[in-house]
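In the two complexes below, chain A is the common chain; its partner is chain B in one and chain C in the other.
Coming up: the complex of A and B.
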């Protein structure tokens, strides 16, 4: 099949057109709703902007205000606190659950399903389950259970009124909600470890404990690095469950950055300022994503 | 051959591990207790939704004992609440997004994986860049944009931005690249054009990845909160995750009706999980093993 120069060119054009038909619908939506808002947001951050639209160009004033705004730093610190509290807890619990649920057991499938189940529930549902579990005076399950088990009636724990307990509640609720997903990732990594390794080890007389520390955990290190990064990234985006469970309270003790962005942008109508703060979050997340992709690529190469 | 021998390995391995020792019994008990603790909040929510007399229950344990009644469900589903409408909205939006996402993604991925055209690499890189964009950090700008496009408080506004993520394109492209070119060329020789090849060869062959992508799109959308929260202004447009908090906040002491609403919002997705459990588990692990 010899093609003339013109035929080749025509064929190439036809190829481009056909590809365009397949690509266009998605590319248009993607450009408008994913890519464009990045630039729109950057642009807006240099303006005074309310719900009526653009008001005035104010240069870097939004950024200057941000640096001087103690509530911004508090919210950023709260988000970071959430990352610091929840990441180690979720990593550890999902690893432990994976190891337990991956043992040979007649109930293996049931365990996996149960541990994963909360992950399927909507954030609104898990938040209200948490709130109702934690209500004081026998209205919530925990208080009720405590008293049914013999605790004195005057003894109460105010899970959402105390600032430390509010953090505990939010972190435990998040743990309960999300650990199942990471557990599944760990289980699939566990299943990729060749059985021969364990067989060889047990022939050599290695105890189960030695097998765990010398084979299983080292073999999981790549997965652990990946889950760690995914978990940090996801935790930096925390908003919904805190918003619904504590609304950032008591006071402002658990208010995360996205909530502050939401309040400034939509309740106080400072959309430009909200965009400037979003940009900080964007920057943090981009750096974390780049690190995560680097780890992921290293994993593929090996 | 390999399948058989690896199965034998597995048997030997599990056989070895099934030995009952004090250690394995302890681990079994611990696992069972943990599973129980994880399950209790869900079970408790469910039994609360089956009670009408919760104020008079003498202890926490009585929640789990009969009498049970479905009166709350009848009240929520038949009464003048908007819960049924929100349920419809949730299902409608999630189904449209899932179908749309699968269609758009499989088309675009097919082009990138199998068609010859200029700037193919460049377009792929452009999609890859989208993985770096955290939606949460651009939500304010997205709101302003959707407002200008008159999409706020419309179904289209709930649907279109949900179709614009590029994660699924990346997953599908890597799958489609693995489909042997011979199959596509065979179809071409039979006289099929690119559209027929897509419909008759690519779509059937990519069933596994389409199922995975659909399931995750559906679950993700069913539970999506931040964007619907900003976009849906009128109660008639709420999805369940947005409606539940406004509905529940009317109840200060009684929690049986709120828990019923929680259950109504959760049962469809739990049912969905039970039906597709195998695919979901496989999708999470992203292991290419054929089941």
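Coming up: the complex of A and C.
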């Protein structure tokens, strides 16, 4: 009896050791490249710090300045705006595409590939394509298309220079780029819905419309909650495509928080201040992640 | 399904992986030819490492200047390492901070006071004297801007001002007998001239190719503001002395060019628009000369930008300058700084090739030489260097410039009026220097 228990214990210990061996390389790298910089960043946020190194300890001055800095609030609001615009748009479009690509059709595979393909492109490529599409005076695709469809030559839409249209451009570009991933998540969830439910519904005379609203959408609710949270978190980290497409313009109208952090840190040499702002963003993301985990757990319990 | 997904993921990884290629010695070069880890390059014996930010035509010319210098068998040879321009200053500053900087670097004049403030640059006076470098052979307007607190921290290589390019075919009837262009002086006169050109052009063509946002509207505003007798944006004592009345006057004047339809609004690639023959004139940096002259069949000329404000002697233009610097490094002995200075001397005296990239070289002997006079287009704007107004020497020129570009861009895009633009600029400058 005792022997077997000891054996069990030994076995478990061996298992743990093997697991540790597998986990170690990742843990070491993760510590060096993620955990350590988090603490270093927290440390730096209490200093005046430029690219040459530490300058002076200034306590919480960076945080006080942040609260008083209207450009910080403007940038945070711009990021929030992006979240508010892009999240519903991306969720809706990826759901529609998933429903489309999940229909029994010989083109099913083609649909999935085509919708997913932009996801493989790098941010530089999608940004360049967007800028090309939006050029006025027949130098871009949209302007050309508009004029060949009969719009008067002097009529132009400035997709990148109007502060409202610039948001439309950035959101649509992001949508086209990232929706394929969410579509894949939806497709896998759609395939988990048992066919019997639809069969039973058909027998009972439910229309396809009723099936969509009474079966498909409720069955997808868990996935929807997951995508919602992932999307909000991802959108709060927006930087690259805005930087490449509008560079935060016109004026400062589309400048997101990360761009402001980057500018303060690397263009204005205020690395301590940049760290303090990064911490605020980090805090926002942690709260969102906790909410997401809570929702995820609730889903599992059900 | 799973197969498809894994295939897509594999493809994604593959596409991501071809970005940079490492050579045998561990030096990573990106697809544009820029070295990504220049700090890992080990200098050979008696070799100076030179981090350059030049690419394309400029890069090739600099490479040949270095090669020619090495062919003279100097005591210390120079190794030219090309870096990505977008990250150049960040890389340079951080490398110097950890003692891995190069022996020779490049700085724009507007950036120099910031590098000085960070303690990145070495004073060159003693080394110049030791090797007999005559500062009188470089443009004095440039040299004054390289001098901080009484010491010279950089050797000016060139000046790159904005100039005016014109399409001779579209301006038929507006040119002198020898095919050159003489622009009228004065704000109203120049606008009236643009109006006449616009009226004479066929439909769909514009008098003027110029962007609405970005560097260039800011640069043209800068030229006019200083012609108008504007006070510095910010003094060396960090006092904001940007003149509201003149800022607003010049902005509103330039806006009429767009409002009257001489410039197509929100043009993105104005150089391409001009070279495609869609506009009669274009204002842009001298480095565009290289691009424009390589367009087949384009019959063009280059001249100085117009004087729209002030009287005689008030002419001013925007410009910046490439300079050579010696970044601070513990291992730098007097001998090494002198060796760097010898290379600077050679580069300056032999900068006739540098002019092919379009720049006005800073060496006055070269500019006044017969060889230079024979260079097409370059000789037409060689005087430009004397009229360039630089930022006052503060560590904030670059961030202030960025703020002004953003706000002036928002003005010409129609997002805010000129008074608001002024206020926003001042607010941003205040936030920057606080």
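As a working rule, the second predicted complex is superposed on the first by the 278 of 302 C-alpha atoms of A that agree within 3 Å, B and C clash if a C-alpha of one lies under 4 Å from a C-alpha of the other, contacts with A are read in each partner's own complex, and residues count from 1 in each chain.
Quick note on the criterion: contacts are C-beta pairs under 8 Å (C-beta built on N, C-alpha and C of every residue); 3 or more make two chains touch, one makes a residue touch a chain.
Nothing here was measured: the structure is a model prediction, and the numbers come from that model.
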Original post:
With both structures lined up on chain A, is it a clash or a fit for chain B and chain C?
Top reply: clash
Subject >> Which of chain B and chain C A:263 touches, first, second, both or neither >> reply: second
Original post:
Once the shared chain is lined up, is A:184 touching chain B (first), chain C (second), both, or neither of them?
Top reply: both
**OP:** Using the touch definition from the top, say if A:50 reaches chain B (first), chain C (second), both or neither.
**Re:** second
**OP:** Mind working out whether A:251 is in touch with chain B, chain C, both or neither, as first, second, both or neither?
**Re:** second
Subject >> Which of chain B and chain C A:160 touches, first, second, both or neither >> reply: second
Subject >> chain C versus chain B, contacts on chain A by residue >> reply: B
Original post:
Given the touch rule stated above, what does A:206 touch, chain B (first), chain C (second), both, or neither?
Top reply: neither
**OP:** Identify the partner contact of A:175: answer first if only chain B is touched, second if only chain C is, both if each is, neither if none is.
**Re:** neither
**OP:** Check whether A:112 is in contact with chain B, with chain C, with both or with neither, and answer first, second, both or neither.
**Re:** both
**OP:** Using the touch definition from the top, say if A:136 reaches chain B (first), chain C (second), both or neither.
**Re:** second
Subject >> Superposed model, chain B segment overlapping chain C, candidates 182-190, 218-226 or 254-262 >> reply: 218-226
Original post:
Taking the contacts chain A makes with chain B in one complex and with chain C in the other, which residues are shared?
Top reply: 51, 53, 112-113, 120, 122, 139, 184, 187-188, 191, 266
**OP:** Sort out for me which residues of chain B touch chain A in the complex.
**Re:** 9-10, 12-14, 16-18, 23-24, 27-28, 30-32, 34-35, 38-39, 41-42, 44-45, 48, 59-61, 63, 104-105, 107-108, 110-112, 115-118, 120, 123, 126-127, 129-145, 147, 160-161, 163-166, 169, 194, 198, 219, 222-223, 225-226, 230, 240-242, 244-245, 248, 253, 255, 258-259, 262, 265-266, 269-270, 272-273, 277, 281, 284-287
Original post:
Tell me, which parts of chain A touch chain B in their complex?
Top reply: 12, 15-16, 18-20, 22-23, 25-27, 29-30, 32-38, 40-41, 44, 49, 51, 53, 97, 100-101, 103-105, 107, 110-115, 117-118, 120-125, 127-130, 132-133, 139, 141, 144-145, 147-149, 176, 181, 184-185, 187-188, 191-192, 195-196, 198-199, 202, 208, 233, 237, 239-240, 244, 258, 261, 265-266, 271, 274-275, 278-279, 281-282, 285-286, 289-290
Original post:
In the complex formed with chain C, which residues of chain A make contact?
Top reply: 50-53, 65, 69, 71, 109, 112-113, 116, 119-120, 122, 131, 135-137, 139, 153, 156, 158, 160-163, 184, 187-188, 191, 248-253, 263, 266-269
Subject >> Interfacial residue positions of chain C with respect to chain A in the complex >> reply: 1, 4-5, 8, 11-12, 15-16, 90, 93-94, 96-97, 114, 118-120, 204, 212-213, 264-269, 272-273, 278, 398-399, 402, 406-407, 409-410, 413, 415-416, 424, 428, 431-432, 434
